[in-house]
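Next, two complexes with subunit A in common: one pairs it with subunit B, the other with subunit C.
Right after this comes the complex of A and B.
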């Protein structure tokens, strides 16, 4: 077996181990229960919808809950897995074997990606089931209004779940980088959430400082917005909820952007972990 | 700078380089996703209700947040509170710009109901009526038109918004020319109701542009579906005949409906 294949096998082994470890924790199950509860609340509150149809209301609430609980899982599970290994010193036992530090970090990241894939898969399947049930309860609703498309394109709901997974993957990669640099899990979690919020809003900060006419602050905001990923680019849920199609070019662009950022952040995480004292 | 500081600086520089390298990928995605909320709108929104709404927006629960705020708007409207009604209409449309109904109903409330409340208040103070009434109606129609101009940013192909703007120009500002322009724009939108084209023709006639109105209605009539009561082909034909009489069109040149 070639050296590269052996390295991939080791990364895969660590990823599988990290995934099983993460699944055994309470957090993913708790978040799935909370996701279900928030959708149940949306079902109860659907009579309060005033501006949109029931299906669009449920799609909006469904994607919103998936994004929120998924972000919590991506940040907290990544930090818990990493610091669980370093604080209990189990990382030393792993690295005592012929495992490189880079393989350990990539394996950890792979485990988190598998966990997020399972979460997004379960959430998308649950949401699709919920929408299927509600469409079944509304005779003729599946076909949509005359002249317009169907109310729900299930293929687009699944694609939206894939985009959500890519977004959470980028967020997990950011958190892993911070965890490799930081000394405490709390700091890594706080910075992970801060990056999530900044990544959603930095275009506003840039607009604001440019409107204010301050050259230095505008340049600073521009530099910061260049350095951090733009999480607004993953916001395809609005399109799906509005019944608009998802063009293939858009999805390819988002996938390239996410994979490139995951690569950059994990490479930097490896760089930090190589220099870290264990 | 110590080694950790150098490490942090190196990471930051690498991220800036990666961000700059990824701009060609991010740019087309940004364009394909369409307009985003501008800084000005967020500043106005947060000034009104604080950060909670922004958090809700970030969480993706915009529809629910907007619906609950719309209920609050109804309460303010039922109480006749003009300041709260107008502020809440702007807030609802800031939180969730997607449903057209918020924009349309909000504009109607601002143009007609708030105008009526202000006129009633002015009447109670004994101000001279006609001029004040006219000024208030124009001001409120202007505010509603500003709201709908913002709506067009999010719904650029909406015939309903163009028709509402036309109605506001017609009934709020009594500006026939502006109203006609909006009806024409609406008539050219996809899935536009038939009334938009018909009213455009009628407004041309009322402005004295009989020849243009005649040409427009002649062009319109063959495209109207016979079985659709909303299309009113008989009304359009009657107007064509009326205009032919007024313009003294010779019998040989008069419009012959298809199928006659």
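Right after this comes the complex of A and C.
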């Protein structure tokens, strides 16, 4: 076997091990239960939907809860996995074997991506099941209003889950980069959430400074908005909830954007980890 | 290892902390070497440099002729860190199997290698239990199993008997004896000097990051030239006969101490008996 194939096999092995560890912890199960509970609450409260259709209300609540609990999972599980390895010294046992530091970090990231894929997959399946059930309870609702499309396009719900997974992957990559530099999991978690909030808001700052600020502040805002991912770009749930189609070009653009940020952040994480004194 | 120095940068400002200073050391293949020294003397740093986990600030370190920072140097090396811990949700078998695969144990030999390593450290019965249910001693043994599973030529063990009960420490000494008989090289750090003396061929003493002694145990033991003679309890008149007999051979009896029960021996006998009765 060539060296590259061996390295990929080791990354895959570490990813599988990290996924197994993460999935057996309480956090993913707890978050799935909370996700289910929030949807149950949305069902109970569907009479307070302020004029929108029940299906749209459920889609909004469903995607919103998935985004929130998924973000918690992406940040906390990434930090827990990384600091679990360093605090238990298992990282020393792994790196004392013929394993490169880059393989270890990429394997950890792969494990988190698998965990997030499982979470988004389970959440999307549950949400689809819930919508299917509610559509079944409304005679004629599945076909939608005459002249309009169906109320729910299940293919778009699945694509929305994929976009959600890409967004969480970018967030996990940022958290891993911070973890590789930080000395405590609390710091990594706090910075991870801070980046999440900034990533949802910094386009507002950029627009404001480009219109009203000086050249320097506008350049600074643009630099910041390039360095940190714009999580608003991943917001396709509103389109799906509004029954609008998801253009293929938009999805490809989002996928390329997410992969580019994941690539850059994981490369920086490898760079930091290679210089870290263990 | 030639002229190795290791400086750790300060957390904020100020001078770097020097953990190792001009350490030159050669470990012959097949020897059991004990690394001793007070806390903070640089033992763990030295082991980590040998394993390529830390890069030396100056000097060179080679393992099997390969620079230690290269991945190839870690083929054929098993490592047990101080006080290892594992993910409590995984089983012992899963963990050792993972380390075996990282160490490139072929898939067809995986099961045998894992079971054999677990058997050597005596936790076969618990191998499908989650690590969260293991005692401290069992986790230590699991750490040893992951170090052994790749059949290493060099075993590097950092404080392998810290937190282990006397029975476990005794078993460790027996295991090290077996590794030596198999021709493996063992390098371990410890604060328990009697055990180091018992199982090691060579002792390396570090103090303040400097290597202050590197001698074979035989050399160290022979330094004073004195021999101790232990006999079963004797009545007083027999003791006088012994003194006279030694005198006729040009030797003198310097001290006579009453026989005392050795706590460790009592512990081992009691626990060993209980274990036999229990089985």
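List of remarks:
We adopt the following convention: the second predicted complex is superposed on the first by the 266 of 278 C-alpha atoms of A that agree within 3 Å, B and C clash if a C-alpha of one lies under 4 Å from a C-alpha of the other, contacts with A are read in each partner's own complex, and residues count from 1 in each chain.
Following the convention adopted for this analysis, contacts are C-beta pairs under 8 Å (C-beta built on N, C-alpha and C of every residue); 3 or more make two chains touch, one makes a residue touch a chain.
Note that the structure is predicted; figures quoted are calculated from it, not measured.
Applying the stated contact rule after C-alpha superposition, one finds that A:100 touches subunit C and leaves subunit B untouched. By the document's definition of touching, neither partner reaches A:136: not subunit B, not subunit C. In the superposition on chain A, A:155 contacts neither subunit B nor subunit C. Taking subunit A as the reference chain, the count of touched residues is higher for B when subunit B and subunit C are set side by side. When the two complexes are overlaid on their common chain A, residue A:203 makes contact with subunit B while staying clear of subunit C. With both structures placed on the common chain, the touch criterion links A:256 to subunit B but leaves subunit C unconnected.
In the superposition on chain A, contact is made by A:232 with subunit B only, not with subunit C. Common to the subunit B and subunit C interfaces on subunit A is no residue.
Residue ranges of subunit A in contact with subunit C, taken from their complex: 6, 10, 13-14, 17, 20-21, 24-25, 84, 87-90, 92-100, 277-278.
On the side of subunit B, the complex with subunit A involves touching residues 3, 7-8, 10-12, 14-16, 18-20, 22-23, 25-26, 28-30, 32-33, 36-40, 42-43, 58-64, 66-68, 70-71, 92, 96, 98-99, 101-102, 191. In the complex of the two chains, the subunit A residues touching subunit B come out as 42, 45, 48-52, 56-57, 60-61, 63-65, 67-68, 147, 177, 181, 197, 200-201, 203-205, 207-208, 211, 223, 225-230, 232-233, 235-239, 241-242, 247, 249-250, 253-254, 256-257, 260-261, 264, 268, 271-272, 275. Those residues of subunit C whose C-beta lies close enough to touch subunit A in the complex are 8, 48, 51-54, 71-72, 74-75, 77-87, 89-90, 94, 98-99, 101-104, 143, 146-147, 150, 156.
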